[in-house]
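Reading through the structure tokens given below for one structure.
Chain naming follows the written order as A, B, C, D, E and F, and within any one chain the residues start at number 1.
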Amino acid sequence: MNKGIANYNVGELFDYFMLVRAANKGIASNGKPFLTLLLKDVSGEIEAKLWEATSEDEELFVPEQLVKVTGEVNQFRGRSQLKIHSIRPAQSTDGVHPNDFIEKAPVEKDELMARITEIIFEMKNPNLQRIVRYFIKKYQEALLTYPAAVKNHHEYVSGLAYHIVSMLNLAKELKVLYPDINKDLLYAGVILHDLGKTKELSGVTAPSYTLEGKLIGHIPIMVEEIGQAARELQIETEEVTILQHMVLSHHGKAEWGSPTPPLVREAELLHLIDLIDAKMNMLNRSLEKVKPGEFTDRLFAMDNRAFYRPLFDE
Amino acid sequence: MNKGIANYNVGELFDYFMLVRAANKGIASNGKPFLTLLLKDVSGEIEAKLWEATSEDEELFVPEQLVKVTGEVNQFRGRSQLKIHSIRPAQSTDGVHPNDFIEKAPVEKDELMARITEIIFEMKNPNLQRIVRYFIKKYQEALLTYPAAVKNHHEYVSGLAYHIVSMLNLAKELKVLYPDINKDLLYAGVILHDLGKTKELSGVTAPSYTLEGKLIGHIPIMVEEIGQAARELQIETEEVTILQHMVLSHHGKAEWGSPTPPLVREAELLHLIDLIDAKMNMLNRSLEKVKPGEFTDRLFAMDNRAFYRPLFDE
Amino acid sequence: MNKGIANYNVGELFDYFMLVRAANKGIASNGKPFLTLLLKDVSGEIEAKLWEATSEDEELFVPEQLVKVTGEVNQFRGRSQLKIHSIRPAQSTDGVHPNDFIEKAPVEKDELMARITEIIFEMKNPNLQRIVRYFIKKYQEALLTYPAAVKNHHEYVSGLAYHIVSMLNLAKELKVLYPDINKDLLYAGVILHDLGKTKELSGVTAPSYTLEGKLIGHIPIMVEEIGQAARELQIETEEVTILQHMVLSHHGKAEWGSPTPPLVREAELLHLIDLIDAKMNMLNRSLEKVKPGEFTDRLFAMDNRAFYRPLFDE
Amino acid sequence: MNKGIANYNVGELFDYFMLVRAANKGIASNGKPFLTLLLKDVSGEIEAKLWEATSEDEELFVPEQLVKVTGEVNQFRGRSQLKIHSIRPAQSTDGVHPNDFIEKAPVEKDELMARITEIIFEMKNPNLQRIVRYFIKKYQEALLTYPAAVKNHHEYVSGLAYHIVSMLNLAKELKVLYPDINKDLLYAGVILHDLGKTKELSGVTAPSYTLEGKLIGHIPIMVEEIGQAARELQIETEEVTILQHMVLSHHGKAEWGSPTPPLVREAELLHLIDLIDAKMNMLNRSLEKVKPGEFTDRLFAMDNRAFYRPLFDE
Amino acid sequence: MNKGIANYNVGELFDYFMLVRAANKGIASNGKPFLTLLLKDVSGEIEAKLWEATSEDEELFVPEQLVKVTGEVNQFRGRSQLKIHSIRPAQSTDGVHPNDFIEKAPVEKDELMARITEIIFEMKNPNLQRIVRYFIKKYQEALLTYPAAVKNHHEYVSGLAYHIVSMLNLAKELKVLYPDINKDLLYAGVILHDLGKTKELSGVTAPSYTLEGKLIGHIPIMVEEIGQAARELQIETEEVTILQHMVLSHHGKAEWGSPTPPLVREAELLHLIDLIDAKMNMLNRSLEKVKPGEFTDRLFAMDNRAFYRPLFDE
Amino acid sequence: MNKGIANYNVGELFDYFMLVRAANKGIASNGKPFLTLLLKDVSGEIEAKLWEATSEDEELFVPEQLVKVTGEVNQFRGRSQLKIHSIRPAQSTDGVHPNDFIEKAPVEKDELMARITEIIFEMKNPNLQRIVRYFIKKYQEALLTYPAAVKNHHEYVSGLAYHIVSMLNLAKELKVLYPDINKDLLYAGVILHDLGKTKELSGVTAPSYTLEGKLIGHIPIMVEEIGQAARELQIETEEVTILQHMVLSHHGKAEWGSPTPPLVREAELLHLIDLIDAKMNMLNRSLEKVKPGEFTDRLFAMDNRAFYRPLFDE
């Protein structure tokens, strides 16, 4: 395995595979077209210019395409840039896979699936359990591979499932501390709350927003899906409405995308658990990158705050 | 027909039918139960006390029940109150109907239906037309009788259909002034935008919010319904998503209940047309009640403003 | 023990002890002074009128005074009112204590203290541990008896300690789920965050805001206290500043009383844990009072929402 | 006529007239002054550098000056730039006029004037009619040539009159749908509402804000003008105050520049009509530039939304 | 002179003159009309009921009317109320004047006028001085008698002039501390800033908002007046625009009624001086009413804060 | 003395001392490290590049270091840049001092100290006077040299003391105009309100925020300091709490950093005086830089407004 593009110094020669994250066409001063490619591997991203690009190039080098590229790492206005010497699409015989070039959750898919299955097994309310099983079956592949977002938190392969499992663990502990909680309702809410992202986002490798994602959004998408599932499963009891409400209200406020705020205890908790897990994911990853005594960069999704890592330990 | 409860003076004897709008049980100082009834006819409402109420009374005098009542109009703390002499439920032989005791739109149901049908007939896009027809068929009775809201604007029988027809007329004129508009999309949006109210509200006669109305709300309800209709009609083209977006965004902003703001021209127009018709309905009805040179009461749904009726004419 | 004022019906005779919660003087239409007393026991509160009150009465019947009262439960404008037949201050020979007339945490003081001690014992950072021990020693009595607030949540005897212990339990579980957390810092923050309330509030029995509470508030009070403690303990390391920051930022935002928002991971968590425990306390107590299928009253401290209690179980 | 600067490719030679939109002096690395000119024709704008500019150049090449320029279209940091070979002011013998180099409303001045006259003729209230006629006479030239704004909507020659005529058409239709409207008041409000822009902006060709525009603004300017007109016409009836109120309140809210919100029905409508016409103008022009299935750029004056153009037709 | 209605006890007989502040007609339970009068003198206000009022009574007892009244001070629902025995309009022979029944500024009109004149004399800029003199002449009587507001601050006879003089004194000191200030501009702004109140309010004795006050407001009214004055005085220099800007911007922000915020140094200062003098007026009058160690009532115009009066002195 | 870096033209040779304001390391395209230095003297700042910087250079050229530098003033992308020919740290024999390279208050330290002393001498309340004296003694050096802020207003040597003295002068005049003011309390508040800045900021020469400054802030820091001082001086009266409240509330609102708003008259005044002096400082310095008839740059701390300097004089 290659050492990763982020670890190359200016002047070094790169000669390995990367994934095309984005590709934009431009016209150079000499009137000839060129491509600005954004290439990535698990370590990071680099911009690359392919001068005098042919129309064939334009068709070959598109997002999600894996490429073999050689070139020199330069610096242009303070940022690294790859000066491409040669580039070609990766072939099946190259033995590389796009998934090896994007970040992954720290836990394997199978393990995440096992944990979710275990929790579903603990549920006693048959209606909630059947609805959850319906979705696990219908979206299993996507559920286990999609990121939880395109940026900010859990923005990597299996990020969605990893986020769900962390929240389930938290939900389970809260049930111990506050026994009045209806754990089945909370578990079902946790598992389904962001599943609409599998329709909101275009895919795993280079996710962008779909038209449905932009115009409807994952929350109303999922509310509709639950309604449809209930009709198929012929469940007409209150569990359906309450579960739709859990999903609908999980952003907490109208300004944050929930037209109805949480009006059921477990819905309020779902919102809070989601907040904690997303924030811990952002904070831990940012704090890892700095040394004790330093501040992180400003975190946009944390109200633009920079966080301090204290000098002392437990 | 009776002259209407609002036109009785203090001291007069009332002896006719009214509709129970609300009923609440209380305990008097002597320890005996009593009922506070809110009775109404088309002219207005009056509070009435039924002292020493039996448990049979409690069961008889419930919301939506039509009653025959005699009593004297008194005044208590500046407000009229009916002192009940006798009261009994109306019977089929009385020849009265609840609908005669609640306010109605100024246009008849048949005429409203005819106008909607006419507009649907003008639509050329087959997918939009089929979806609209599906809903007209499915909800015809409710569409033609429900109010558009429980208060503020069009809060009377057939208010929803009347609101739709006014908006359709406005939409038709806008198409003339701005020919780029996709009129089929706008018509479809106008007809369907508030149809979820037929599930959000409990009924026509004494409407209150249903559980689904409180926890989900008419907007997500209708987004789901359109999805379901499309599946039944096997329509899978972009019209479905755009129509769902029209309904989803018609309140204009997240703070006002639309998690996605309008991102399609016709969706923006739908929001504006809805605004104009609702405001004109509120303003006209309030201004009718005051004389030239006076201000109306403060209108809660118009940012609590009191409006002035000028002295001069055209 | 008496059955509690909340369980008396209109017309019943009350003859037992209650605590004076508030006392206000008025002048009756006949020009004679009277006292409006708010009397309470653990079950609830009732208003009582003492007509033709003497100046001696005014001095006797003041907040926090325990009284023996006989009278009849009446109803006035829909609310219960006690018509006093006779009233006198309780005496030491009566064998009653004010604490028996106010609500208490569901866990005993000793047990709460034991749990806090246990947690402190787990702390490894000596500076944090010493500061926490300093405060436990200095404020032990108040810490174990004060409410956590005058209303909304944990507004009863030992409410503060009960709130701390719940939060410590939650903190301990979070450490398991997110091992990067500095648990010592989080524990210290939890134990100290609201301790300034013992200066902000006037006492346990009938708490009101002190002048210092109104003009400074429990957050700056506690920041100062930590600084003073550190000087006495001669601790000059970063732990002091970070701990002051934890307390200062625990309301999360400037608008909510924290001039600096959380800028340390454990400070962010402290804010979130505080939110969860306060909200669960409010929700559980409100939901207990309603039946499945009903909504609670609107909860002011939960953005005025009314919460629904579903019909179904786990 | 030239094909328009926006249609030149990199490398092409430009040799025609353009209008100076802005001119800024700079000092090059060699210490010599140069001019950065922004040149425009109806098709668009281009930046041009005039190196080693003399002080005479500085005086010649100023905003609103028409120039004859030859040069090569280059590209600099991704944007087109004109490398000037020669430049001179246009002369009367060149037969070109600044108005030919700026965008115009799609309807001719005479036609716009005719439509406004027609509407005024329909007015019956003599006071409103006289005031409107006073202003048409006083500001006819400016009214028919000014843009309605410097950017966002109707920002072209005759934009103001075009905006007024569109709004008048809309007002006329609304009168049919809602006959209670005082059409004379609404027409007068529409015609006068933005007339203060003729003092707020510096002119037609290259409009910027005047000092009066910056410190007072078109709304208070016009309120004063109406007061002055009424004194000259010796009209002292309520129409004057109401018309001033129409202008004052037409931005709808204090935050948007109306210290008093609309408190008269026709003032509320004026605000809504203004909103619709401005939004339709922005939306139509942005949507024309994109293909079906694409999103427009983000529109600043539409809350920074990007709008989608659907694939399907009516 | 009478001791003042606020100093009467329940049961006492009142027999003197008072001013009618407001009068509302009602219908009693017996179907007969009655008048609810709000009567006042300098000490305070009291509600009075005139039962079985004739239509002559309705015409006689209107706002601003001085009346001779005898009656008994009662108490009704905790508030004082005057039970009228007899009432008649005051007559010229009674030797009483409405002004004696309303609060006045602590400084006499003549003295206020002298101070304003003195300041105008110090002005050197002839244009500003002429405009100010124009207004002093035009509105002298109103300027010296009007209140500065209907409630909150300087809400008494000559309140406007008193407010102006306090602000002029403050402006003069600021000129000493910050010599860059253009004192003439600041003085002119101070004198004219609230003069529009003489058109916004209905009068001195029982001020309410005029139609012009409600629909236009004192700020745009005064901007127009300055424009008109300048035309009459044939002043066309920048002073006019800047002075209009001073008045227009003196509320500081759009949300507070200034569509343009201060963009000139002296305009910013005018806003701040206005704030200080209004706040000091409110604070001093509220703090006078409480004893050291107490809080005032909540002051609505001070963000609903209650202020503390400390125990210690200088 | 040198003419100041801001007065050099492009192409001129600079050969004198400057102060390093900031230093950042970069890597050039050739892979070699370079330093970007921000150099300053009293006239302004300039960016300078030190190519092929050694690790010794990195250690030598750090913030607050005085350097002797020769180089040519160039222009790069429209901004001046110094091309360094030679650079070395200043030595004690050079006879230059960092303080000569940073801006200073227009009044000398001694004079500022004398004025503060004079005011303290006027105070009569012994507790307030003792607390103020305690701080003057403890922080005299810092108080007289620190800036009042790192940017926006009084951001120069002795800025804090200069700000205090201006505010004291203003406070003294206000006491004359509003004699109810407790001048001792106001003086004490003025002197202490920003003293926490001496801990919030790192120093005088090149101030940045300390960790304590970022995590606690100057307001809570100073509240704690006053508490500590009172304990040392054994003052336990209300003056301590009120003085802490003055400091705590002087930003006026929670959103602006004061968790408690002013609840004492003198606290409200302190806030207003602080506002006036800060704003006058910003406005005067910005307006000095422009000519009559021009606007200043947008001032960030004045809500991003650009201010106009009128053409006319007093």
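Criterion: a residue touches a chain if its C-beta (ideal position, glycine included) is under 8 Å from a C-beta of that chain, and two chains touch if they have at least 3 such contacts.
All values derive from a computational prediction rather than experimental measurement.
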Checklist outcome for this item: The chains touching both subunit A and subunit C are B, F
Checklist entry - Of the other chains, whose C-alpha centre is the longest way from the centre of subunit D? => result C
Item to check | Interface numbering overlap (same over half, different under half) for subunit C and subunit F | outcome: same
Checklist outcome for this item: When centres are defined as mean Cα positions, the distance from subunit C to subunit E in whole Å is 45
Next on the checklist: Please output the residue numbers of subunit D that touch at least 2 other chains, ranges allowed.
Outcome noted: 211, 214-215, 238, 242, 263-264, 295, 308
Checklist entry - What pattern do the touching chains form: line, ring, star, complete or other? => result other
Next on the checklist: On the basis of the stated criterion, which chains touch which? Give every pair.
Outcome noted: A-B, A-C, A-D, A-F, B-C, B-D, B-E, C-E, C-F, D-E, D-F, E-F
Item to check | Touching residues (chain side subunit E, partner subunit B) in the complex | outcome: 26-29, 31, 211, 214-215
Checklist outcome for this item: In the complex, the residues of subunit C that touch subunit F are 211-212, 214-217, 219-220, 223-224, 227-228, 231, 238, 241-242, 244-245, 248, 254-260, 263-264
Checklist entry - Along subunit D, where are the residues that touch subunit B in the complex? => result 123-125, 127, 166, 169-170, 173-174, 176-178, 180, 182-185, 237-239, 242, 261-265, 268-269, 272, 275-276, 279-280, 283-284, 287, 295, 302-303, 305-308, 310-314
Next on the checklist: Going by the contact rule set out above, which residues of subunit C touch subunit B in the complex?
Outcome noted: 9-11, 74-76, 78, 308
